Amino acid sequence: MKDDVMQALLEKARTLTEALPWIKRAWGRVAVIKYGGSAMTDPALRASVAEDIVLMKLVGVNPVVVHGGGPDVSMYMERLGMTVEFRDGLRVTDDAAMEVVKMVLVGKNNKELVSAINTHGRWAVGLSGDDARLIQARQLDAALGRVGQITAIDTTVVLNLIEDGFIPVVATVGVGDDGRSYNVNADTAASAIAVALDAEKVIFLTDVDGLYADFGDKDSLISALSLSEAVDSIASGRLSKGMVPKVTACVHALENGVERAHILNGTIPHALLLEVYTDAGVGTMITREGLAVSREPDRVMREDEVTCPNE
Amino acid sequence: MKDDVMQALLEKARTLTEALPWIKRAWGRVAVIKYGGSAMTDPALRASVAEDIVLMKLVGVNPVVVHGGGPDVSMYMERLGMTVEFRDGLRVTDDAAMEVVKMVLVGKNNKELVSAINTHGRWAVGLSGDDARLIQARQLDAALGRVGQITAIDTTVVLNLIEDGFIPVVATVGVGDDGRSYNVNADTAASAIAVALDAEKVIFLTDVDGLYADFGDKDSLISALSLSEAVDSIASGRLSKGMVPKVTACVHALENGVERAHILNGTIPHALLLEVYTDAGVGTMITREGLAVSREPDRVMREDEVTCPNE
Amino acid sequence: MKDDVMQALLEKARTLTEALPWIKRAWGRVAVIKYGGSAMTDPALRASVAEDIVLMKLVGVNPVVVHGGGPDVSMYMERLGMTVEFRDGLRVTDDAAMEVVKMVLVGKNNKELVSAINTHGRWAVGLSGDDARLIQARQLDAALGRVGQITAIDTTVVLNLIEDGFIPVVATVGVGDDGRSYNVNADTAASAIAVALDAEKVIFLTDVDGLYADFGDKDSLISALSLSEAVDSIASGRLSKGMVPKVTACVHALENGVERAHILNGTIPHALLLEVYTDAGVGTMITREGLAVSREPDRVMREDEVTCPNE
Amino acid sequence: MKDDVMQALLEKARTLTEALPWIKRAWGRVAVIKYGGSAMTDPALRASVAEDIVLMKLVGVNPVVVHGGGPDVSMYMERLGMTVEFRDGLRVTDDAAMEVVKMVLVGKNNKELVSAINTHGRWAVGLSGDDARLIQARQLDAALGRVGQITAIDTTVVLNLIEDGFIPVVATVGVGDDGRSYNVNADTAASAIAVALDAEKVIFLTDVDGLYADFGDKDSLISALSLSEAVDSIASGRLSKGMVPKVTACVHALENGVERAHILNGTIPHALLLEVYTDAGVGTMITREGLAVSREPDRVMREDEVTCPNE
Amino acid sequence: MKDDVMQALLEKARTLTEALPWIKRAWGRVAVIKYGGSAMTDPALRASVAEDIVLMKLVGVNPVVVHGGGPDVSMYMERLGMTVEFRDGLRVTDDAAMEVVKMVLVGKNNKELVSAINTHGRWAVGLSGDDARLIQARQLDAALGRVGQITAIDTTVVLNLIEDGFIPVVATVGVGDDGRSYNVNADTAASAIAVALDAEKVIFLTDVDGLYADFGDKDSLISALSLSEAVDSIASGRLSKGMVPKVTACVHALENGVERAHILNGTIPHALLLEVYTDAGVGTMITREGLAVSREPDRVMREDEVTCPNE
Amino acid sequence: MKDDVMQALLEKARTLTEALPWIKRAWGRVAVIKYGGSAMTDPALRASVAEDIVLMKLVGVNPVVVHGGGPDVSMYMERLGMTVEFRDGLRVTDDAAMEVVKMVLVGKNNKELVSAINTHGRWAVGLSGDDARLIQARQLDAALGRVGQITAIDTTVVLNLIEDGFIPVVATVGVGDDGRSYNVNADTAASAIAVALDAEKVIFLTDVDGLYADFGDKDSLISALSLSEAVDSIASGRLSKGMVPKVTACVHALENGVERAHILNGTIPHALLLEVYTDAGVGTMITREGLAVSREPDRVMREDEVTCPNE
């Protein structure tokens, strides 16, 4: 065999075996993926995310996708002659707007990802928060109309679908005790669902690379930090405005039992695979207190971290 | 106890025990309910249908609801400035229209019934045909755009949800091998799903009472007829135009293994319960060849028809 | 449709939907039915009880029937030339009498109800307390011979039969550590079995309507009262003699975890169905502390009380 | 160790290991035991049979006991002033007699054996043919009243109880489609139940040693014979009158799939164990065509006959 | 039947029924058998042990066999020109010696017993301590080389094989965290495995009869003693040198939850069966505190000790 | 992110996603790996194979490893002073030699791979052909002594271990009906086991790259060929002598239901992963008739080939 061919083969083998300790660690666990940003609007990136999610499923992780609405909601509202208004980042949502929100999230965004995943087989099943009363909510503020605050997560249908071999894809519409729908924040919902499912990790797909030590220096991306460092970073006031809710959602998840939270740039093709199955990763990983902050993999077997299929 | 009180009690007891042979016969079987007409647009009727479906579930039947879109599709298309056009009863559906069809069916109509059912507990899970590749379709005619013809039903997710104790509610959007969506006829889909699930019955909720012996005479409603009589009635040309596709869907279901098909007036409150659990019923029941045409119940036990929980 | 026909239909629908919250509440739970009085001796009432029990089974409750002997025991003893003697309401039972008690309870009374139930299918399985050591007992008083006091309930065979889809019908013969049989009180046994099975309810079928506020006033039937009120009623001395052991058995059950106890008049046809599946009921219901005393149904969903099949 | 002690030990070891091939062969299979004769009336023999049955259960066989009534039926009928009459060996059974037959079989004989077995633990559960419609029958001859002929065996409850770890003990009362009871022949019922359960063997406990080559010569007991030899022996007319129905029942069982039928003298203590777990046996064994007639055990492993627990 | 034949039969029946209380007590429990001594080197004794083990399996016990190496290890080492050296009873084991130890234990001794058992069917599966990381160990003393001390027992594969119906046969090779093998003491390993499996009993097959009250008097064999008496006997210094590690292993097992420990003379044919299924036994039984020391069987049922298959 | 970093990341992503269709195709299926050659003797290659096998297990394949002995057998025989002799490639094996063969295969070669795999967790369980009578054999030729021919494969223990989550590693010692061991060919055994397990593939790890179109031209390696082409290649006489038994074993497997057979060079690190999870592969793949010969992956979903976890 020629040397360059052999070199290329060895590189491939290195990539595959590099994945081994990461695959072992996550085997049989749940990973909640908050899907959003360009990955939701660009069909090529959506196909890449779909492929990554199927690969994660095949190598033993149970992905659960959570998403809100993208720019389509405002676009449709405008085309229907409705007023688009935000207060403190929250969409003012009257009953007519709520109907549009729901149609776009559940009938358009959700189904686009479901279909992309299902080009690989019979995998994805879309859910909205009112299916099997998955996301329960109540009104946050009368002035905001149908903007909701999550009161409970009922994981029954998600766990049943995972056990049946499916990939649940959840649109973040909440349902009240009165059976009415509420518009809930998707980052918050992803975090709450990760906690309720006792997920190993929650991953936020955004359009930025992660957290920077020095926001002006693109070379200062932080690959790994601890929960307390993340809490400090919020307090420091140096996070970009868009990053605060993401990091806050990460902190909430980690404080309630999730082991690792990741913030990724979804415009990098296959960012999910690269973050989860390579040593260096591509984004920022925040770890729960008590777990190693570094990305150094557990190549030496530590019994308490390995999750084998026969346990 | 006073006589009139006792009479009222006996009447109640008679109604409950009248249901016994019908409950026994359907125990553990699937009933596909094609939901449409006024029951879909009128909130009070929707609540009544939801209550009936939960009661059916509680007394041992496994209801699967199938629905298309109602007048909301055209309404939204018009508000969005799209042209609404039908050819031979089929909606001309370009890509933009397909997106609206899907948003209305999956994000609005489906969720309205799901929420109504779930006021009674954690029962309903909404599905569209692309979830787990449930309804597979291909283009019917290029001139009609995304109007589809069903090529296969994959019942996996429906059966899993039934086994997990849920009530599946299916919006009739089909998915192609290319991952694109198709607008499929809801009556046809209900019939195909009933066949694929080996359902005991398929029920069409419409706005008419059923079939009439003499269309002009409202007292001539036919309570029960055989499959061959139903086939003849289509051939006779005496059916109303709206009734032909319903009866055709019934015939298809019965010729492929479903035992009973029903056409009901969904404007009668609790029409489902009355048709399924009373001796007289309220609509028209068509039975497969080999089964008794009459509504006379099996009050004498016939081993081969009883489905007990311990079988 | 004619108005009077429609009215009759609506009445039927009202009865069926009135049952919904009660069916939901009891779904999957055990109901112990103490069978006795005229319902045991009158074949028509026995058939009515049998029909009610099968309907309860079909709508999701797990009925367990418990019965003692009726007048047949004394009748057969007299025909066999034995002396029939009671002391403080307890039958003096020598060995020969015990053999007759057992033959009548297990070989006659039990099988009559089993056969009545099984005209509806393969449902009932008769048991006596020595089968799988279900009712364990010891001698109460040497002077009374084989009259026994319950020492333990072994629910294994009852739970297995329920899981296998059957309706257990238990004759209240107790078995001692020595393998000998004992004559145990059927009301006490029903209460003990309800406690051991963690039943939702225990129902006493008698020949009176229930408890009266004023024993002389037949209009003063108490529809619902609390456990503490029931305890008071025993202390008050105003209960009829025959009612004291029933109410005492109810109190024992409720103090040990059963949620509701009912005393019904079994001479009312379908009294079981009317008590369990209608809002007003027909007898007296006593509720455990902490549960609502009123019969007002839970039409608004309260998660902690609903028992869905998918929980 | 002293020689005689060692000799006694070796003898014990020989007995235990002699049982090994027989235990292997029957592991996990059903053995139907027709219980009758002195073993039913003599408490000491009953205790011995009970001990044998529990030991069989513990070493992996699933015993199912079947019994009719003994002399107690006639005794009670006479004490109650009824006429005892037989025609061609069949008891003339009017309705009143049927009630007595049932009380004695189900309430006395059945429970005596159940209690004897249950001194060893929570093993036996008594059944009569109307429980779960186990033995279905119809009238044989109007002149004989309630004498019945078996029409079907429904093994559901028996199989469920075996799976749940119990020993079913069946009193041979049949039930008609009309819910009425019939007096059926116990030998015939044992054979029919063995066939329906696909039993490995059926064993008839009687008061004679088995079949003799020469009826006058007590040394001529036939230890093993083939099905065709058994058929011939009936045709020969040389069988004793009491033996004809037993051998006929054996032949019926073997012609319908049971592998071995045994006729034993139940007055020999532990006759069951000795017949089933020793090389020589104590009675007469009849084998299905295709199986070895001789009692020579399979000490060399033959895969197709061994039933290991892990198959 | 002739008297002497009947006497022989009764003797056999007595032996079989004598086993009943012992079979009941051990049903479904694990018995760890330390296999060693002459039973390992003599093919006839090995066959006898194999037969006993299969019989124990068939009558409901789950045997797990544990063994070290016999004289074969030294023999092969000498033939290969290696030095055989012991210090304080421990074999000095360099890497080359370890390879030989492993080949002999796993490839020879283990397979000889596996094959002997499997002449009776598909029962035995050989394991060494590195299979599924069953016996985990670390170096005891650098001067002894690869002599190991047990650090953990991982029972997963043993429990899986038992559940699948097999008889595990374990060679006592330990595995370190570094993946290297260690030579561990077989008596200690048997005791540790019995504790880890929550075994009912551990049995040491040796070449002596058991413990003697007076070592010089062969008639003074102690049939049964308590744990505290066993502890005292070690302290007394009167035990033979070879017996100290056996009794110490027994004490460790009993102090950690095993109920009974036995020391037997494996040169007595079928010593296992005789010890386990006869009233007198053949060796010395030591019982955990709280259990009866005497061998008197529980012929009277005591619920808390009986383990029935249906519990 | 810098361009070269991004390029490297994209390359990694490409490698991971390239694996997707191959992972999907093999999901849940068995792959039998014949382990031999340098991979068995070189510790570094052994570690590489072990890592590949664990990765295969983690991504959903069920690997079963089969191996014979390497040069160690002859080495130990010579050290023990035995004569090493081969006739027609078969080792003359007297009883003493058989003992050595077994010790080396089961106690050394098998355990070396088991330990290497288990550095990654509790995965591997070693088996020899006499465990649970897995490989059954008889003497091939008296002149060759204990050389055996396979008569049957009993897959029970292998399937049980797979279901319990383990990786079985099988040493190819056969067992006769007489319980004696036989030396069977490892290539033949691998093929027979693959057939018996209905494996998706069988892989032969050797020290050559595969089949060459022109044996003298190292660039002429055949990447993929059909079963009939493989049959022709044997007939052609152009195969190297060592390759004939490998290709013959492949042909046998493919003719009996295995879908793909692979011949790989085990001296290439991670050859297993590269062959199984890359498009080009590194060895020679032979496919059953009816399957595509080319290595072109099924990137377009074909329902009949995809094996999803939820099927």
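In this document, chain identifiers A, B, C, D, E and F correspond to the written order of the chains, with residue numbering beginning at 1 in each.
In this text, a contact is a pair of C-beta atoms (placed from the backbone, for glycine too) under 8 Å apart; a residue touches a chain by one contact, two chains touch by 3 or more.
All values derive from a computational prediction rather than experimental measurement.
Enquirer: Farthest chain from chain F, going by the mean of C-alpha atoms per chain?
Expert: Following the centroid criterion, the farthest chain would be C.
Enquirer: Centre-to-centre on C-alpha atoms, which chain is most distant from chain A?
Expert: Farthest chain from chain A, going by C-alpha centroids: D.
Enquirer: Roughly how far is chain A from chain C, going centre to centre by Cα mean, in whole Å?
Expert: Going by mean C-alpha positions, chain A sits 54 Å from chain C.
Enquirer: So how far apart, in whole Å, are chain A and chain D when each is placed at the average of its C-alpha atoms?
Expert: 67
Enquirer: Which whole number of Å gives the spacing of the CA centres of chain D and chain E?
Expert: 40
Enquirer: Which positions in chain A are in touch with at least two other chains?
Expert: Residue numbers touching two or more other chains: 119, 121-123, 156, 160, 164, 166, 301, 310-311.
Enquirer: Note which residues of chain D are touching chain C in the complex, please.
Expert: Spelled out, the residues of chain D in touch with chain C are 76, 79-81, 99, 102-108, 110-111, 114-116, 118-119, 121-128, 130-133, 154, 156-157, 160-161, 164, 166, 173, 175, 179-181.
Enquirer: Under the stated contact criterion, what part of chain A meets chain F in this complex?
Expert: Contact set of chain A toward chain F: 1, 6, 9-13, 15-20, 23-24, 27, 51-52, 54-55, 57-60, 119-123, 164-166, 209, 218, 268-270, 273-274, 277-278, 282, 301, 306, 308-311.
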